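Next up: some structures, all given as structure tokens.
One chain, subunit A, appears in both complexes that follow, with subunit B as partner in the first and subunit C in the second.
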Partner chain A sequence: MTTLTDPPKASFRLSMLLYDTRYRSTTIQVIALMGFMLGAAWLINNVAVNLAAAGKPFTFGFLSDASGYDINQKLIEYNSQSSHLRAAVVGLLNTLLVAVMGCTLATFLGVFIGVLRLSSNWVISRLAAVYVEGFRNVPVLLWIVLIMAATSHSAPQPKDFRGDNPSATMKIFDSVAITNRGVYFPEPLFSNSLGDVAMFPDSSTEACEAYAAESDDDKVIKLAKSCGSFQISLDLIAIGSVFIACLMISKLVANRASQIQAQTGVRPTVWYLRLGIVAIPTIITLWILGFYLGYPELKGFNFKGGIYMRSSLLALWIALSLYTAAFIAEIVRAGIMAISKGQSEAAGALGIRPGRTMSLVVLPQAMRVIFPPLISQYLNLTKNSSLAIAVGYMDVTGTLGGITLNQTGREMETILLLMACYLIISLIVSTVMNAYNERTKLKER
Partner chain B sequence: MSITSDQSYVRTEMLTEKAPPSTNVGIIGWIRANLFSSWLNVVLSLLAMYAIYSTLAYILPWVFGGVWNATSLTECRIVIAEAIGDGHTAGRACWAVIHERFWQLMYGFYPSDQYWRPNLALILLFVAIAPVLFNGLPKKMLLISVAFPFVAPWLLWGGAIWTPLMAFMGFVIGYFVHKFASKIAGSLVGIILGTVSALLWWLLFSSAVSQGISHMIGASRMSGEIERLETSIPLQEAEVGRHQAIVDPLEGQVIAIQEEIDAAVSAEKPVADLIRTKTPLYLTLGSASSDLSKEQDMLNVMRARLTAIKSLPKDETRSQQLADAAIAARAALPASVAKLTDVKEANLGTSAEDKDQLEAALKVEGESGSLQDRIETLYQDVGLVGLKPVKSRDFGGLMLAVLLGITGIGLSFPLGIVLALGRLSDLVIVKALCVGFIEFIRGVPLITLLFVASVLLNYFLPKGTEFDIILRVMIMITIFAAAYMAEVIRGGLAALPKGQYEAADALGLDYWQAQRLIIMPQALKISIPGIVSTFIGLFKDTTLVSIIALLDILGWAKTIQATSDWNGVIWELYGFIAFVFFIFCFSMSRYSMYLERKLQTGH
Partner chain C sequence: MKKSVFLGALTVASLTAGIAAAGTLDDVKARGKLNCGVSTGLVGFASPDANGKWEGYDVAICRAVAAAVIGDNTAVEFVPLSTKTRFTALASGEVDLLARNTTWTLSRDVDLKMEFVGINYYDGQGFMAPKALGVTSAKELDGATVCIQTGTTTELNLSDFFRANGISYEPVPIETNAEGQAQYLAGACDVYTTDASGLAATRAAFENPADHVILPEIVSKEPLGPLVRHGDNEWGDIVRWTLNALISAEEFGITSANIEELSKGTENPEINRILGTEGNMGEMLGLDADWAARAIASGGNFGEIFEANVGEKTPVGLARGLNALWTDGGLIYSPPFR
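Right, the complex of A and B next:
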């Protein structure tokens, strides 16, 4: 008869670190961590030695120096006396501007092309396929420089608009001027303006004050005095808040209509009510503020007034949108095709019309498939907007990673900041996206 | 009892099938179903066809009626205007710019007599990857695949034949050390020792050994080289004269015909034929004068080398003296500055005399170093057994894009697999490192990484390290693509059913065996579309190097547009480049579709 005894306890030997699976993973990790830390320490040490040798201590002090260069496309007040930091902010806002514009246009275009590609009409679906293959297989940088070169070579010069019988005229009721330097739109102006409010006015630097003191021009003084701050238009805030309030009331009306529909089965017609609720107060606000459009006018060698969109911004916007739309079209197509045919057949069996089948049955389910890759395309577009540097649009790569880098010679700090900007944008967007995905996930048991 | 048998109205055999209505089959049926199925579709089809027609009616004559023979945009426009008959010159393409600048667009400044080297490298690439792409080829072809990574850089950059051999030696040494050490101390120690010994060889010894061999050969050839140069310099002079004799009359002819053209233009006579005769002459003149300058350069190199060799004994004595002087100057330095290599590194309190002394010592050291470099360069040049070296600066055009694309694809794929495995690993630290790396790289645009390559990388390396710009860009493109590749492969790994992992465990396979034999083949197959689209993205992204002043094909387009002859050529150049990229990328995506179908095992 045998008795059960515990197996002999092996005492720990050094070789077990390598050959015993219980310890091996720890060994490997410790070695990996040590290797990583040694490598990082070596790199950091090299950087410290090299920066010291080059006489460039690692500080961000240069950011508060006057930048000394001008930026031609800007969303906030900026002049050459403003700091490098402000130049970077102007650039970052320009990046966000082209990213938002690009994402919007690319989404509309992409959804449109994606739906066309699924069309039962052979010619239409082939055309959409040609679009997608054509744009996907050619580098986006090529599209950007091509569109830039084409607009600046073939659009008329401002001087062509001059004279009694000009060779070029303004488009859309004489309101939009398309020139080789960019496009001029009418700008919204207010005759009873509420004025602007400066945020963080205390941060204006001495350089700005000095610049303001030297200058005679009213506009320059105003601009220079505010050069450490951000101006926020009260008019826009007023209109925006009225509009949003109206939208919320209109939503309440819609909810009420749905309630009635649920109780009685008949939906009351409320669209004109909702339209009135949104439109009338907004129009009244605009009227009180004295809204009018400021048209661009040819003065001297160039157009004055209106909103000026440089051809570099235009080229970047169009090229990024066309390119990304090709990818979005494929995502939309894949999303719609991923919904099983049974869903639309079931909807048909319930007597739902094809259009409503798409909007009520297929698209809500397809959105779950479409959304994650769509967001990653938005991120790609934002990152691709850094190619602005090829056409001279002053995004954050152009200001911080371009002129600021060249003027201050601080490669290490500027490029690290530049990377941090893009990383933060990416991380914010992907956090939001993960939260959304979590919320819309299929609840399965 | 049967009920059906007496129900005589039930048909017992099937009716024969009737042909469908003629409007529902064949071409008519297809057109009705696909083009005119509803009123909306009728309108859409007609509109789309009209749009296609009007686009093609503009583009086809533009493309196929283009002008190939002209030497500048102005001439092009003249020829087009005469051909069409009115002032509308934008209706025909000016392909002459592609005709004239084709080789620059393809190879950049790569020496034209060496074009065979990149071509051969490309052919070798196809031979080398053939055993990977297709099964059923002889096993011996794998030898070419093994040799390719060593031969290709040597073909492209040139230099002594020892260099690739020495690089290969590293693997041989590593292999033998591994084999020997694993017998004694186990496989893990063997792997570590093998890797370390190979790294040591590459970092410390290989370039020294290969330079030493060249130096020895150079020393033995030195006396013979004088004789060879003395006999060949007159021959080369004659050669230069011969080329001069070709160029001069050609130049005369071109000038004459140009005058004729100018006269005809001012007299408003047709000049298209004159321009057509001028173009081939002009192109021949271009290649003839580039030949001439090449021969002239060669002559200058020979003369310079002859002088250098003749003064070699004197230089070597002087070099010895300088080296001694440098050592003495360094030894005489005061303690506070004795170890510095730059005046800027001196402390604030250092006195002016000390600084002056340091500066003087540095000057002597610099002189000695540059003279030694010159002598060594001479030895290396004379002792060169191999191909003419080509500098990285001269790489350009489409060749650069293909080079960056292929190395990026080849290196990012294995790196991506490793990163994906690391990200899915149970080892917490390894996982954290991989996640951090992948998310960082994916969060920043490639252009910032290229900035790092062009201005920042030197800060991360020990002082004085010179690092080839193309190599730096290659590294950045590779790690950029590898991060995306890792995510694609991670998707494939996540899509595998858990049973596959469990089955591998049940069979008693260890981690690497399971990955190699069971997991990876399936995961990679699932992720083929993603992998290929990453490859395509990488190939397209190589154009970004034009922003950091490397002359790839897009960079050349800008350079050509900046010349006075071709200022204003847009659609032809960019259209051509877009076409080239389209061909590459589209065929890659078609190949991936073919591969997916070939590997499909489902139903």
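Right, the complex of A and C next:
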């Protein structure tokens, strides 16, 4: 039994929301949130009223209409009869293509330059510094336009390859043609091709009837290509799965070698075995499929055949990579400098060569510091790719946010969709990269 | 203080809600300046001269409207717009009038909520190629690389033309005519396509115009005309009748040389009605009596404007053709001033 009475419970009064420090911050936050929502509601209402006054209801119906325009670079089948939505997807794939290519090249270049900047050779480290400052301090748009202008004015025109005594010739055993419209590479082709499978075919369409007919007629084959939402090459799947299976077996061999090394201290030489395991079945698959290279050839106005990398893609890719590499180089440098000198000295004491010290001891640890800012560089590169329109590269800003917007006059809808596209790409990239970061970060015990 | 900010915000809200509706005439008069959307630079149609003064066939329309409404043909703010930005600029109220080689189409008129007030140039889409290429017809262009301005009827027609003829092409999208010209001259595309008038104007700016041919095919109808926002009929009427006044002036022989003379009154009632010495046409439009006289005096009648900017004596060198008056076998025709 207790004789102590509880202190009198302070009854809640309204004024406490403001004067009691326990509640005050919550009150302020609630008021701020309400203010924000009111502001947003006012904006949205204003837009709705204005659109209604202009007689333009807010709808996305236009997305299913035929687009009416052509796109030069398309990773999936597309023509002017396809819908605006499909044009947007074609643009989105082009955005992703240049983003992936750009991130890859920028990473290699950035790491390379970042390491060079720390070189003990004065000339090399100064050159790397000049590179970083030069690219970092000039807007990327200028680099894009400059590279585009340089290629379209300095490289030969397709017509220069014509005639008995042409002023330009193809490079590397007549396999690569460099023109001012882009570069043509040989393309892998298969004489015993397994064909493509149409995903989500709609058998009532003309294209899918042609697809089912499996005719040899060029016109029918061309038509059949637009059956389904997109088509997947069976050849690619076959080669890919053989290759991955072989890689996995080869990994088993490597694990076994590590086991033996752990037991006996001597690592058996297995690299030729591993190479054979991967190479031989892959080559056999290629041979069965009848692999050969299709070379570009000058026909009419342009080169035909081969893989055509347009100068717009080339300029955008190179400019974005060079520009972002300058930032990545700085991030890499900072990451390496964050690793204590003792680490490389210890590695040196164990007799590890400087190059291997960098790749085996310093860089893996530096990665933890490098990773988070690297993610934001990847996101920057992806968003900067929307400058594509400056060189006529048909990314999603060019198709959905450019031609579709213009031909349909749906500014609000297309811009909102466009923003959603970039938001989703960015969120996906950062989720994946954050997951990776989580896995590799230093586990504190 | 706080209260007035809030009230201010409210008025802005109600104002913005009404912006698309009406009142362009009052806005322009209050501002004392006409905001006119023109192209980013197309010799003969709209381009700034060496002193930065805008001139051209489309510019003349802007000046005539400014003269009619404000009484001063220099009270114009020219807003250069690309094919991509033009409709947004007009719809948002950034410009009051768009005179920019714009084709009158159903979807622009109906779906984009624009109002075309007339046609000042009957055009069609053509192709230009270097002579050295040896092409004589657009049907030979299978596989060619073609430069096109995006957001135009040009790119839609191009797609239709190649599809209808069963041939393929590689489009190179560009933003402005200047960029297209640069790409074409650098050989980044084999052919350049746009309205035939635009081709002539573009070619006129080349160093060696004779090295380039304009192919005989005209693949579309491109009626070009000035346009305003849908929904403000009073303003639309003013622009429409300013254009009609210029056309009627040519038909009835009113020129910049004799307009002062004729403004004193003539035997011809139609001329008198146009020039405001008879009837109350100006009042009906919400303007004063000599609105049309000022518009005509601004740059001359329709024919004079044509000859001075794009006619055969200019570097652009266009023949009147379809753009002659109906009395001379062309299509230019104005409804009566009555």
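One rule holds in what follows: the second predicted complex is superposed on the first by the 404 of 445 C-alpha atoms of A that agree within 3 Å, B and C clash if a C-alpha of one lies under 4 Å from a C-alpha of the other, contacts with A are read in each partner's own complex, and residues count from 1 in each chain.
Following the convention adopted for this analysis, a residue touches a chain if its C-beta (ideal position, glycine included) is under 8 Å from a C-beta of that chain, and two chains touch if they have at least 3 such contacts.
Source: prediction; values computed, not measured.
Asker: Check the residue A:S25 against both partner chains and state whether it touches subunit B (first), subunit C (second), both, or neither.
Answerer: First partner only.
Asker: Let me test your reading of the model: by the given contact rule, A:L387 touches which partner, first (subunit B), second (subunit C), both or neither?
Answerer: First partner only, subunit B.
Asker: Return first, second, both or neither, reflecting whether A:K159 touches subunit B, subunit C, both chains, or no partner chain.
Answerer: Only subunit C; A:K159 stays clear of subunit B.
Asker: Counting residues of subunit A touched by each partner, does subunit B or subunit C come out ahead?
Answerer: B
Asker: Would you check which partner chain A:L142 touches, where first means subunit B only, second means subunit C only, and both and neither mean what they say?
Answerer: In the superposition, A:L142 contacts subunit B only.
Asker: For A:E411, select first, second, both or neither according to whether it touches subunit B, subunit C, the two together, or no partner.
Answerer: both
Asker: Look at A:R181 in the shared chain and tell me whether it touches subunit B only, subunit C only, both, or neither; answer first, second, both or neither.
Answerer: A:R181 sits against subunit C, while subunit B stays out of touch.
Asker: Does subunit B (first) or subunit C (second) touch A:N50, or do both, or does neither?
Answerer: Both partners, subunit B and subunit C.
Asker: Contacts for A:K299 in the overlay, against subunit B (first) and subunit C (second): which applies, first, second, both or neither?
Answerer: In the superposition, A:K299 touches subunit C alone.
Asker: Per the contact definition in the header, classify A:S311: touching subunit B only (first), subunit C only (second), both, or neither.
Answerer: A:S311 contacts subunit C only, not subunit B.
Asker: Which parts of subunit A are in contact with subunit B and also with subunit C?
Answerer: Touching subunit B in the first complex and subunit C in the second, residues 46, 49-50, 53, 55, 153, 389-390, 405, 411 of subunit A appear in both lists.
Asker: How about subunit A: which of its residues touch subunit B in the complex?
Answerer: 18-19, 25, 28-29, 32-33, 36, 43, 46-47, 49-53, 55, 119-124, 127, 133-134, 136-142, 145-146, 149-150, 153, 383-384, 386-387, 389-390, 397, 401, 405, 411-412, 415, 418-419, 422-423, 426-427
Asker: Applying the document's contact rule, which stretches of subunit A touch subunit C when the two form their complex?
Answerer: That would be residues 42, 46, 49-50, 53-56, 68-72, 79-80, 152-153, 157, 159, 180-181, 299-302, 304, 311, 389-390, 392, 394, 398, 402-403, 405-409, 411 of subunit A.
Asker: Show me the residue ranges of subunit C that touch subunit A in the complex, using the header's touch definition.
Answerer: 13, 16-21, 83-84, 87-88, 91, 107-108, 111-113, 132-133, 141-145, 150-151, 155-156, 158-160, 162-163, 169-175, 183, 186-190, 230-231
Asker: Along subunit B, where are the residues that touch subunit A in the complex?
Answerer: Per the touch definition, subunit B meets subunit A at residues 34-35, 37, 41, 44-45, 48-49, 52, 186, 188, 342, 344-345, 426-430, 433, 439-440, 442-448, 451-452, 455-456, 458-463, 536, 540-541, 543-544, 546-547, 554, 557-558, 561, 568, 570-571, 574, 577-578, 581-582, 585-586, 589.
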